[in-house]
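In the two assemblies presented below, chain A is common to both, partnered first by chain B and then by chain C.
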Partner chain A sequence: MAVAQENAYPEGRSLSPFWTIARRDSLAGFLFIAPQLIGIIAFVLIPLGLVFWYSLHEWNVLANTFTYTGAQNYLMLIEDESLVEVLGATAIFSAGLVVMNMSLALLLAVLLNQKLAGIAIFRTLFFSPVVVSLVAWTIVWGFLLQKNGGINGMLLMVGIEGPNWLREETTAMISVIVVQVFKNVGLNMILFLAALQGVPKELYEAARIDGAPAFKQFRRITLPLISPTILLTSIITIVGSLQVFAQIAVLTQGGPGLSTTVLVYYLYQQAFQFHFFGYGSTLSIMLFAIVAVLTFAQWQMRKRIVFYES
Partner chain B sequence: MKADLSPRMRTALYGLMCVLLIPFVFPTWWMVTSSIKPISDIFAFPPQLIPQSYDWTTYSKVFELQPFVRQYWNSAYIAALVTVGTMIVSSMAGYAFARIKFPYANTIFMIVLLGLLIPSEVTIVPLFQMFLKAGMVNTHWPLILVPIFGAPSVFATFVMRQFFVTLPAELEDAARVDGLGRFKIFRKIALPLARPALASVAIFTFLHSWNLFLEPIVFLSSAEMFTLPQALTQYTDAYGGPMWNIQLAAATLTALPVLIVFVIAQKHFVEGLAHTGLKG
Partner chain C sequence: MLHYRNLKSTACAIAVIGSFVGGGSAHAQDAVNLRMTIWSANEAHLKLFNEIAAGFKQNHPNVTVTYESLPFETYTTALTTQIAGGNAPDMAWIFETSAYDFVKSGALYPLSDTLKATEGYNLDEVSAGATERWMQNGTLYAYPFSTSPFAMFVNNDLVKAAGATTPGEMVATGEWTWDNAIATASAVARSDKGGLVVRDFNYQAWQYLTSVWNGWGASPWSEDGKTCTMAEKPMADALAFIHDAVFTKKAMPGPGETVDFFAGNAAMTITQISRASLLPKDKPFDWDLVPLPKGPAGEYALIGQAGVGVMQSGKNAETAAEFVAYMTNPENSAKLSQFFPSARKSLLNAEVLKKTNPLLSEEQIDKVVISGIATGKVMPGHTGFAQIQQMVRSNLDSIWRPEADVPTTLQKICGQIGPLLKR
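Now for the complex of A and B:
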């Protein structure tokens, strides 16, 4: 029946009473979203349920035991002394990354928004690290940051003896942040640039006639008008910063000590190096909670910070 | 934004931008030039900004030490499949969420958006167990299926939806009067108009797949199965220290083709991504 009517559809008007346009649309809608919805159920929702289930168990891979222990893994979170350091490192990394990334992106976008000949070449070059393979980018920075590497070599030429960047706690953290900022700041830069170009020029003309200095124009006109983009990019950047793994794995392996062991790296170590799948799952739940709370908080802040929404 | 700049201001801006460019451009230059220096020169002092002598044998070692051609192919075909698959899945879903009225559409959209909140790192442990049970560990299936259907494609679906929402309804009404079915309207009318959005989806999906690191090292265990990011870190000496010149040569081979494509097509790259952001 249905097949015959599907064929009859080109005539449009000769539909059976059951296959109304609304019903056809419902069917089409479900078919269109089916691959995505099934994927989300299979690869996001079920795993999320499982990770919570695992987190309530002690899972010994070698002895092949899987015992229900209730909240014990969650109590371990409190007793785990390393975790305090890990969360500290995660907070410093994310905060440093977001602040540096957002301010550099805004600065570059303002520069690229000037009327200058050849500005497109600068735009291309500032953006280029985004398309350089992440691990390749990380390897060359790791090479530059060696004790006898390129950066210290150039510092020595001006008479400064540089530190062993990746082997000292403070400089290791700064290094992993900086490597990540230069890799990805181009994305936010382009989003900011697009937002800046969307600010009506008449507003600046009016402000100039009123004699407002450039800085005031930026604070009173530019910032409020691009605030939706700032909010969007800050959410993306913060969530992204919590997922940083390759850079840590390649540059510092979380060291020295635990100084650059961010939560994702710690989770990977616990689950896949030490085979504590139960505790690893508990850390996953914690990561999920942090992402959810931060996203929710920023979404709430939009009412206060965002000047208008398009 | 501003009236014409004074010559002095102009020079100052150019100068500032050139200084700021150093950390963006120099690493790539250093990677390429160091990869062709003889091993004795790569840590030379003073640093050689331009190589004084060349050693091309490093590049042949890249291929001798690991099945690098195979690993290159792995990364390339996985990225290609994921890109095409994501474009299909997310353009269909994005279209339906934007243009088709069906029951629970909003609820389902919210459920799908949950994928944005749940980075794949959160679900890596159960995903590993699921693929282990399915006998798919040390195959490429997890690196193909999860990005196309799972959390990474949600952002693409969101971008496509934001684009399809802006299409004028009259376009479709006319097609419906002509008796076109939903799928034909999607394929013949909506999809061709969505090229800019599809291009940006393709770009960031490709880069995401090309850069994946955690998933390959969790799921893959044999050298012939490795993808490039994972393979690059495997050029190590007997003590586990990196063989810098070989790593840099392999990194150059990995980075340069994408970089060249970018420079050729950079207008589409940058503008495509900018539009994505504006509408986001």
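Now for the complex of A and C:
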């Protein structure tokens, strides 16, 4: 053992017997992950703990009072009549976004998975909104969706009087979903494209020899083989849909009525506009729980729906 | 040798650190940095504020004042976030709508003693009506440095092109009523231009409609703020009038339509007179400024206020209060009044206001500014205004459509905000 230590430190330095090779390796490992670990502790775990702590208090920022109220904020969740409407709007937004985003992303990926001249231009074109500033993108769409904005102007040119997109409940929700889909569809499209290019060509060849039509090839070969990517993108998209804020703040401010007030926007209102930081924190904990449950459920579903080649 | 070198290095380090710490403590005791949050980023405004800060520094060489411009739309949210984060400014501008929240919460440092002790300040010349919202138990907690009346800006070129009588002519003949104002706006709106724009309303910030419904004697809540009065007849009539003007007469741009008066695209706009600075310098149109039209309840005026207060939690609250006293003394109030009309009686005369508002005629100053500040009611405000505002806004959305049921919606609003008003 002593020989081993001497060998490990050829310069002649010696450490106490406590520093065995295994312990030194562990220390090195911890030091390597320390930056990430410290980041998670400082910016995720501690804030999460603090938000839970705040949720047990009534915090009046202006009066500088911080009073322990126990579970009162959690009981308020049950009594809050607006919350039902808010959760409904959140569910509609998430469902609409996930269905539209993933269908469109998959369709684009299939269309762009061709060996054609100039196909890279189209891939770049569809991906480019992902790298555009979210607020700038939303502001431009805000102008386009005005009653006398660009979209209705174009519709008028073909004799159609467009709706007041952001001022009617149904069209407002559709508008914010579509703006978000167009912004981020490129990301899922690239992931699907990568997955599609990983599907072995010989499987399609064998299917063609067996006389399988294109749709059947897609259903029986493509979908099962890209199912890990479908799971990944669905988790990313659902979690992302529950975090949407800027689009709502810029386009509708949660209106008309509460029709586009999603949970994140509602908690922002409660905490930062109405100064109910305690109740806002409680809503954050609820959002965290919803995201955790949905992600866990999806992860469990992988056993049924995800096909792993290995 | 190595030991000696280490000793020398340590001694040098101690000397350097010592000089910083020692010198720093002597300096830090005197140096005071004050920060004021404001919602203006206008260069001319900032130039004037910096001049005032420089003037204060002449007698207080250790005090440096900086201004932090926060976005107008999210100003109060940004300010309270700074407070929540333990980074409260030393001084802050406060909207009249959130005045009650700040004054009643104890967030502000009392100013009365400092202002009264300031030589030549003459707080008594500021009218009681102007300071009412900013006081509690006889103590002033923020000074209303801006008392700006709402008025109607008119594009006479568009009105004449539509063959309508100009508001100025109607004022002269005593026919300047809301019915006639909407008829004129409707005539212009029949062209490709807009009629009447209530600026900053945008079918969201409904409090700006006060400039219209005060003509019906309407109010969202009672004088003591405890009872909702939105469902009462004056408010129902006023909102029915506005609804008719928007959807039937097409005299006002509808929801989702953006029309800018100052770009020459609308016949009239209601806004504060300080917005005169937005009038185009190049290719100006023939514009006029007239009082708000007479409503069924008679003539009326509305003023918007902005207060400046000192945050109680600041380390240098006393010095900050001294700066507020200097910033709003008669001399500096006169300078500020070119952008922010003062409620000081000595500054409310045509001679002074003409110097500070060169764009306005003496008649406009007399009929709109002086009369407006003297007789105007302040925009509505309430404790917990942000929550009440949001609740009313989300319900009013159902009024802003052609087939609206105004009375039922107003009943619903009162049902919802009633408990909040009583809190």
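We adopt the following convention: the second predicted complex is superposed on the first by the 285 of 310 C-alpha atoms of A that agree within 3 Å, B and C clash if a C-alpha of one lies under 4 Å from a C-alpha of the other, contacts with A are read in each partner's own complex, and residues count from 1 in each chain.
Going forward, contacts are C-beta pairs under 8 Å (C-beta built on N, C-alpha and C of every residue); 3 or more make two chains touch, one makes a residue touch a chain.
Owing to the predicted nature of the structure, the values given are computational and were not obtained by experimental measurement.
> If you tally the residues of chain A touched by each partner, is the higher count for chain B or for chain C?
Larger number of chain A residues touched: B.
> For A:Ser284, using the defined touch cut-off, is the partner it touches chain B, chain C, both, or neither? Pick first, second, both or neither.
first
> In the superposed arrangement, which partner chain does A:Gln146 touch: chain B (first), chain C (second), both, or neither?
A:Gln146 contacts both chain B and chain C.
> On the A-aligned overlay, A:His275 touches which partner chain: chain B = first, chain C = second, or both, or neither?
A:His275 contacts chain C only, not chain B.
> Shared contact residues on chain A, chain B side and chain C side combined as an intersection?
146, 148-149, 272, 277
> Show which residues of chain B lie in contact with chain A when the two form their complex.
1-2, 4-5, 10, 13-14, 16-17, 20-21, 23-25, 27-28, 30-31, 34, 42-47, 88-90, 92-93, 95-97, 100-103, 105, 108, 111-112, 114-119, 121-130, 145-146, 148-151, 153-154, 157, 176-177, 179-183, 186, 207, 210-211, 213-214, 217-218, 228-230, 232-233, 242, 244, 247-248, 251-252, 254-255, 258-259, 262-263, 266, 269-270, 273-275, 277-278, 280
> Per the contact definition, I'd like the list of chain C residues that touch chain A in the complex.
Spelled out, the residues of chain C in touch with chain A are 76-77, 80-81, 83-84, 101-102, 105-107, 203-204, 254-258, 312-313, 384, 386-387, 390, 393-395, 397-398, 400-401.
> Hey, which residues of chain A end up touching chain B in the complex?
Those residues of chain A that touch chain B are 6, 9-12, 22, 24-30, 32-33, 35-40, 42-48, 50-51, 54, 108, 111, 113-116, 122-137, 139-144, 146, 148-150, 153-154, 156-157, 178, 182, 186-187, 190-191, 193-196, 198-199, 201, 204, 214, 229, 232-233, 239, 242-243, 245-246, 249-250, 264, 267-268, 271-272, 277, 280-281, 284-285, 287-288, 291-292, 295.
> Hey, which residues of chain A end up touching chain C in the complex?
For this pair, the touching residues of chain A are 59-64, 145-149, 164-168, 253-258, 261, 269, 272-275, 277.
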